[in-house]
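Chain nomenclature is as follows: A, B and C, assigned in order of appearance, with residue numbering initiated at 1 for each chain independently.
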Amino acid sequence: MPILETKDLTYTYSIGSPFEKTAVDHMNLQIEEGEFVGIIGHTGSGKSTLMQMMNGLLKPTSGQVLLDGQDIWDKKADRRQVRFRVGLVFQYPEYQLFEQTVYEDIAFGPKNMGLDEKEIDRRVRETAEAVGLREELLQQAPYALSGGQKRRVAIAGVMAMEPNVLILDEPTAGLDPKGRVKILTQLQQYHKRTGCTILLVSHSMEDVARYASKLLVLCQAKAVCYDTPANVFAQSQQLEEMGLDLPQITRVFHKLRERGIAFPEEVYTVKFGAELLKARLEGRDSAC
Amino acid sequence: MLSDITLGQYFPIESVVHRMDARFKIIITMLFLVMLFWGQRWTTLLVGLFFTVLATLCSKIPFKMIWKSIKPLLPILLFTTILNLLMIDGGDVYWQWKFLKITEEGVITSAFMVSRICLLIAGTSLLTYTTSPIVLTDAIEALLSPLKKLKMPVHELAMMMTIALRFIPTLIEETNKIIAAQKARGADLESGSLKQRIKALVPILIPLFVSAFRRATDLALAMECRCYHGGEGRTRLRQLQSGMRDYIALAITLLLFAVVIAANALL
Amino acid sequence: MDSLISVQDVRFSYTTDDGGEQEVLQGISLEICRGEMIAVLGHNGSGKSTLAKLLNAVLLPNAGQVVVDGIPTTDDDRLLALRQKVGMVFQNPDNQIIATIVEEDVAFGLENMGVDPVEMRERVDEALKAVKMYAYRRHAPHQLSGGQKQRIAIAGIIAMRPDCIVLDEPTAMLDPQGRKEVMKTIKRLNRDYGITIVLITHEMEEAAQCERVVVIDHGTIKLDDTPAHVFSHVQEMKALGLDVPQVTELADMLRQAGYDLPCDLITEDACVDAIERLLRGGTANADS
């Protein structure tokens, strides 16, 4: 059974007004436990709305969100519990920090869950370590930290609720390359260690290509495809038609194919591309 | 829609009143208010009603919009009516119960008061329906500019007003985002005692203030970089222009005012 | 070429919270010529934003001096003239728009300069057309996308007829669409209007579109050259926490495996050509 499933999920803003707009249009998704899903799509493709429906912050206009097979808007369901199980990190989450110390801020979620001191302490320390925050930073005021550190504190604050599903909306927005890699590798390690399901929204094809096990492509309120990165990038032409930027490396191999040099379509990392070329040049494969 | 908030009550259509110079509209509204309170006779209300209907017709604002602005104040109107009915003593007694009684004077006075307040609201809302807040700010700045000589910070106040109008939608959007983010961390905003609910606002208010201050710092820097140095020597893109229609409107208002004064003195 | 901004051995320190001094710029010298399009590339905290703020006297150097078109930034009497010559666009599109209507915001700088209303109207329209936002002149800023807001901010600067625009990470908070819009606008202004552009960024894709890239790290200039030459230092750039284009990285990997590829590949087409030549030239392995 998938951990998260949507059935004909639809959300329409300002129904009945001239501004009526369907942000999510009959989406049917099945996300298996333990996946690392990259979500790509334009601004306005419905990403944020979908995410907020997945943890019960927004009520669907129609359709269902099933968490472990349970409809989260069922009469018996407790939405607050749903939010603890489906953790959501918003864009620029550092702007939501409010406590006096980093420690207190990370502890906010676990405290709301009603956990005891000892458990809270364990979670705060574990997640702080997971996002690479040194012990001595825990007693500092959040505002004294650097931008990248604040971002990681905010992410730790959601991780500390130990959700089964962790959704992040562009966790690397505005960071420099070093800061981006740091957060993404920490997420990857966290994913490996806890086995939780991660949904990562990103504008960077390069990033999702490198880290995700599945890609979900959204376009104009619809889920266009949900597949492995290799299969998604194999349809690079459709992606380009949707106006999505392919990784540069994918475009290079695309052009080589156009010039009549046979290469597989799904080249999306530099490393894989270099290996392919080396094999070809050494004559290890004979397709040339 | 968020845009409703920045526009205030502005009702964007084309009409002669919309095109009028905002400075004149403010002066005329002022005159209208003074007139309503000056006149103590029924003629005042008749003249006031005539003025309001004429202005509403000219502005093409639907009458139901005027009603819409009076509606929220109905409880207050009702309260004043009851107070006036019961407090004012004089003339025939229509109804009595122990020390409470309703008299002829009471009925007349309360009807007069209610009509006057309704006209007052109708007149002022016509000003805000036909003038956008930003133009209103400009006009107030222009009208108050003589006070600059008395070292009153007129330009600064107008600038503050403009910036407030600019940032209201941004901050509302931000508040919604912060609320959603804290809810996602299990913040409970809907239940608990009053004290608990107030405490639950802390995780929302602190980030909101921090962000507002950050925006203020950024904005100040951006303004400085665009050569802002206060109101001195400043010119404006939008020029307030008065024309024939403004003078005609003013003349009509003054004429009506004269009628009220005459009626007060003669009747 | 005619020098417009001259940065001469500039040092700058901030006072930290605990009263200590942190030197952000440690002796920087830089000549920026009229009509140049130059990128200042560095990771967060490298001192690049401080450098930007020194160019139009938002900050003043502790040692050395910055001279703009003959005016030292320390000249208080000519401060407004200097700020008119060097305009500045910031990262957050929301926090630099002052007025509630687009055209009035564009006019803001001109109003401060005391420009005559008739001329002002012409210059505002012209500036809005230059950034292709004329159709939006009566809109409220909050109805626009991030990329559009940044173009409005740019129009507000152009209307002041500056010699140079300094843009401090103007795309960091934008989606890919907005980034493209802004970059296209900047390039057009440089090409068609001859406005000198100083683009502060940590995105290598953007730096690659400039004529000259200055790499800054720990308050000193590490590299100052054409993009092709700068990015050919693949290992050094990575050590500085910066990215290089994927094609440059690919070429570098192949070169390390002993294949003969030029080291200054930064565009897709050049890379595709080089690889095609390599492949068509037989399986010539440099080892053999």
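Note that a contact is a pair of C-beta atoms (placed from the backbone, for glycine too) under 8 Å apart; a residue touches a chain by one contact, two chains touch by 3 or more.
These figures come from a predicted structure and were not determined experimentally.
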item	value
A-B compared against B-C, more contacting pairs	B-C
Centroid comparison with chain C (C-alpha atoms), farthest chain	B
CA centroid of chain A to CA centroid of chain C, Å	30
Chain A-chain B separation of Cα centroids, rounded to whole Å	47
Between chain B and chain C, centroid-to-centroid distance (C-alpha), Å	46
Sites on chain B touched by chain A in the complex	1, 174, 177-178, 180-188, 202-203, 206-207, 210-211
Parts of chain C lying in touch with chain B, wherever the complex brings them together	56, 58, 80, 83-84, 87-88, 90, 92, 94-101, 103-104, 107-117, 120-121, 124, 140-143, 153, 156-157, 160
Residues on chain B engaged by chain C in the complex (per definition of touch)	2-3, 6, 133-134, 162-163, 165-166, 169-170, 173, 214-215, 218-219, 221-229, 233-239
Sites on chain A touched by chain C in the complex	42-43, 144, 146-148, 173-179, 203, 206, 243, 245, 247-249, 251-252, 255-256, 259, 261, 270-271, 273-274, 277-278, 280-283, 288
Residue ranges of chain C in contact with chain A within the complex	17, 43-45, 91, 145, 172-173, 175-178, 202, 204, 241-243, 245-247, 249-250, 253-254, 257, 259, 268-269, 271-272, 275-276, 278-279, 283-285
